[in-house]
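Lettered A, B and C in written order, each chain numbered from 1.
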Amino acid sequence: MSILEKAFYSPVGKAVSAKAGLKEPARLRRGRTWPEGPIVLASIGGGTVGAQTLELLGRAAESPIVDDGDAAPGYGARIGALVVDATEVTRIDQLEELRALLRPAVRAVEGSGRIVVLARPAAGDWESRSVARALDGINRTVAKELRKGATATLIRVAPDATPGDLVSSLGFVLQGRAAYVTGQCWTVAPGGVAVESLAETPLDGHVVVVTGAARGIGAAIARTLARDGASVVAVDIPPAGEQLAAVANEVGGTALQLDITAADAGATIAAHVAQRGESIHAIVHNAGITRDKMLVNTDAARWSSVLDVNLAAQLRINEVLLDPATEGGLADGGRIVGIASTSGIAGNKGQTNYAASKAGVAGLVTAMAPDLVDRGITVNAVAPGFIETEMTGKIPFVQREMFRRANSLDQGGKPVDVAETIGYLIDPDSQGVTGQVIRVCGQALVGQ
Amino acid sequence: MTHSAVVVGGNRTPFAKAGGPFAEASNHDLLTSALDGLVARYGLAGQRIGEVAAGAVLKHSRDFNLTREAVLSSPLSPATPACDLQQACGTGLETTIYIANKIRLGQIDSGIAGGVDSTSDAPIVVSDPLRRTLLKANAARSTKDRIAPFARVRPRHLKPQAPSVAEPRTGLSMGEHQALTTERWGITRDEQDEIAAASHHKLAAAWEDGFFDDLVTPYMGVARDAILRPDTTIEKLAALRPAFGGPDGTMTAGNSTALSDGAATALLANEDWAREHHLPVLARFVDAEVAAVDHPGGDDLLLGPIAAAGRLLARQGLTLDDFALIEIHEAFASTVATTLKAWDDEDYCRSLGLDSKLGTIDRAKLNVTGSSLAAGHPFAATGARIVPTLAKLLQQKGPGSKGLISMCAAGGQGVVAILEAV
Amino acid sequence: MTGAPDTVGTPRPVVHLEGSPGLGAAFARALVPSRAKRARLPEHELTIHDFSQDRSRLAAYSRVCGFTLRDAVPPTWIHVLTFPLHVHLLGDADSTIRLAGAVHTSNTMTLHRPVLADEALDLTVHAEGLRPHRRGALVDLVGRAEVDGETVWSGVSTYLAQGMKAPGEPEQVERPSWEAVTPQARWRLSGDLGRRYRAVSGDPNPIHTNRVAAKAFGFPRPIIHGMWTHARALAALEGRLPERFAAGVDFVKPVLLPGTIGFHASTVDGGIVADVTNRDGSKPHLRMRIEET
């Protein structure tokens, strides 16, 4: 810790920074925890998917307070979450109903509380499509106005999607697992899987391969997925073997020392899994490197090594694991998760190669997803923002503090936040979630 | 009823020069690290293994239960029993034999064999007079009686005694012994340097190929064998000064193993059990033999493996030609050369009570991924380095491929064993 | 063998000692070099009855010499037990030969049967065989250990009293030929070995422990006791020695302390020939022959 950093975090420093308008960041609710206060459910236009989903989740719902005019009415007490079923909202005037629901709720929602809007994907006439987009603007803005770690999320529920299809998604968002996901919007399509409730350990009996698992986010992914029941195959380069072994032993998984850029990497992973008489439920392509330089200084080696590790290796490995002839490959109904990045989405100085690879990952999942729907394989990506890791700990303090606060939650995320989102995506009950890129960034100022 | 004991795989730390990167690590630390990696590779965390047998040649008295303590430090179930075994440089192979025999007898389904040595962590003992004084003082009842024995302590008694690497009965170091053997058998400097260079080149190539990715787990920031010199050449080795055998000696630091730190383990199992538990089955443990020579009577100290191999092959009805691969522990390059020469020496073999000489081998089958000259030789660990390495190589050769391991050990002993790919 | 040798015509007078002789007058005298020119020996033999062996001293002796501590004792140990009698005998007023200044040139001993550490021994020593040598007079100190009248060990230590005269002409002794050997073992002798052996053997000769004393007798440094070298060589043959045997040694050249020496042994017809040599085996210090009896 630098002297500057020490001073900043000293009591005096904290008092000074508070005067200067830098709030002490809220402590986020994490893990498989529900909001403390009641969950309020409202429906605009008579949609019922929200109510049915909450029932499947076993959460009681209370009625909303509606702002009907002059003095803004209050809830009287903190509420844990507001879930608005806006699946029947297609007209501009219906948005006023949403305002009337949000106004009291935004004031009353507890720390790490949730505002969740369920809507349909854009479809229909001009107005309807426009309204769909308007909801997005509302969601992003609410997320910015909420305080104390409360978040806002817009879930687009495809018309044929059932409440069961929505269980894992709504459960994820309401629980502490989605702590660092805010201002985001993604779609749940029909999954064709009968889901009756939210599973505590959805990955029981499932093999999950995590690359880059020796440290940082990868290690957190291994731990979180193991907590959810997964049998983890922890993969990392041989020089990281000691930490890799520690992670594998901690989660009761197996360690596989492997350079993912090797030509036979996919085959080696499959053989490792096949040896144990299993197939892969999910692979999390977490391994990644940076070779940052301004473009004027970026040579071919810096360029290709980043693209090879972060993007091309994934493609090669996926190809092998998706081949039905591969013993120990990806099972039908399986999951592929890539790691994109806000850098890839928004661009970042000095990271052309990295941005290319990470945007490429986002592109890859949207491209692959439709092609694998028939096999029940979902392909998604998470895009972490500023996550507190050993790697980001090396960024100079002032710069780090700026990155850390450049989001709606005024703080950096934790590796577990990324891991929880991945856990949600590879949950067998998240069958309807595919081709999505979910940012885990606290609504970083950069990017979408 | 006998069962089939198979090698599932192994794990070791990289090996490093004594006093090098592992200087601060104890035998306990190193052995635990090797177990950690093995447990991680095969997903054994929390599992009860039949037995873990390992040992160290240089051992502190505090490490009287070294292996059991390492098991307790590892992620294995604390219900896993362990024992310490020691047969000098043959330890890592002897522990394999012990575990394999228990599996073959049906006493256990799974077991881990291993060995560790840290010349950096060698025990330093106090002199005999001081030791006896301390014991006497400890047993005394009154303060006066406790102090009295110390009156006899002299400054010279306070000088610590490092463990000797010399053979106790002859006072000759292993290198001095081998120098006698080297001269007696007429092994040339060129021959030795050639073996040493080849060892480095073959080990380096295996590392480059990723061969050791599933055999070694890094430790303390060391990811590869630190003694390895990929760029060494016969010319460079030829420039070194003799280390043993006087000014005209042919043995140098380059063609002799360096004092090393490291630990190695091998996972063995009943073949059926391994398959049921979806563990790899690399090679079957076929048989083993240990022999010894009368080195105080003037025999060649490190030629124990000649009689051992002769008796083993005779019992199994095999010849050297039946082996796809042969691993001869490179205590010294000249050990390898003399072993090969002695196997092919009719008179010598008959003098050991063998029916005939064993013959020659195709050098292309020998130590194909390098051996102790390049990898290093933490005494007790070497056998447990070779077993998984050979098992993996045999599996790559295909079912039925046989491999022979030959290890010389202090005290004039030789340990040999046969593996066969399943 | 039947009957006693003819040479033992009249029995010697016997002097019984109560326990092992200590620092008596005889002992002190033995350490003072004699100024007499004519060698003369006491006629009597010295005996200690029922001598109990001290196991802790045996343990210390075994450690210093390299023997494994066993119930059956090394024959050189019994020599050590008789040694005070040598000193006492040569310290007698009738003796003009003194231990100090006398050189132990050769030694033979026979183990007639294994001797156990808990056996009480009757130890006897007498002097005989005074004869001329080109550098003085030779004398044999003949020792015997008995258990209940059975001779279990016997030994002859030949000393050279330098500069003394004995009647007759020196016998011409042919030196056995010597060929260099490759040592099978190498022993590193520490500087304090003389002190350590003195502690277990009771041989107080300062030539083994004191640099000044060693210089006085012409050695640059202290020399190790010949009987240590003998014992060490015997210890090196552990496991190869027969149950009953005779061991003969010639002390060819003293070993300076500290120092490194070599050892070489080979089996010959009916026994073992062993040599303690210098470091590289080119010169002998001690030559030993073992024969089964």
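In this section, a residue touches a chain if its C-beta (ideal position, glycine included) is under 8 Å from a C-beta of that chain, and two chains touch if they have at least 3 such contacts.
Small disclaimer: the values here were computed from a predicted structure and weren't measured.
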- Pick one for the touching-chains graph, please: line, ring, star, complete, other. line
- Note on the structure: Leading the contact tally is the pair A-B
- Note on the structure: Whole-Å distance, C-alpha centre of subunit A to that of subunit B, is 50
- Between subunit A and subunit C, the Cα-mean centres are separated in Å by 92
- Roughly how many whole angstrom separate the Cα centroids of subunit B and subunit C? 45
- In their shared complex, subunit C is touched by residues of subunit B numbered 128, 156, 167, 169-172, 176, 180, 295-298
- Item | Touching residues (chain side subunit B, partner subunit A) in the complex | 33, 36-37, 39-43, 45-46, 75, 210, 212-214, 216-220, 223, 278-280
- Query: Which residues of subunit A touch subunit B in the complex?
  - Reply: 231, 234, 238-242, 244-246, 248-250, 252-259, 262, 275-278
- Item | For the subunit C and subunit B complex, residues of the former touching the latter | 63, 182-188, 192, 236, 238-240, 263-267
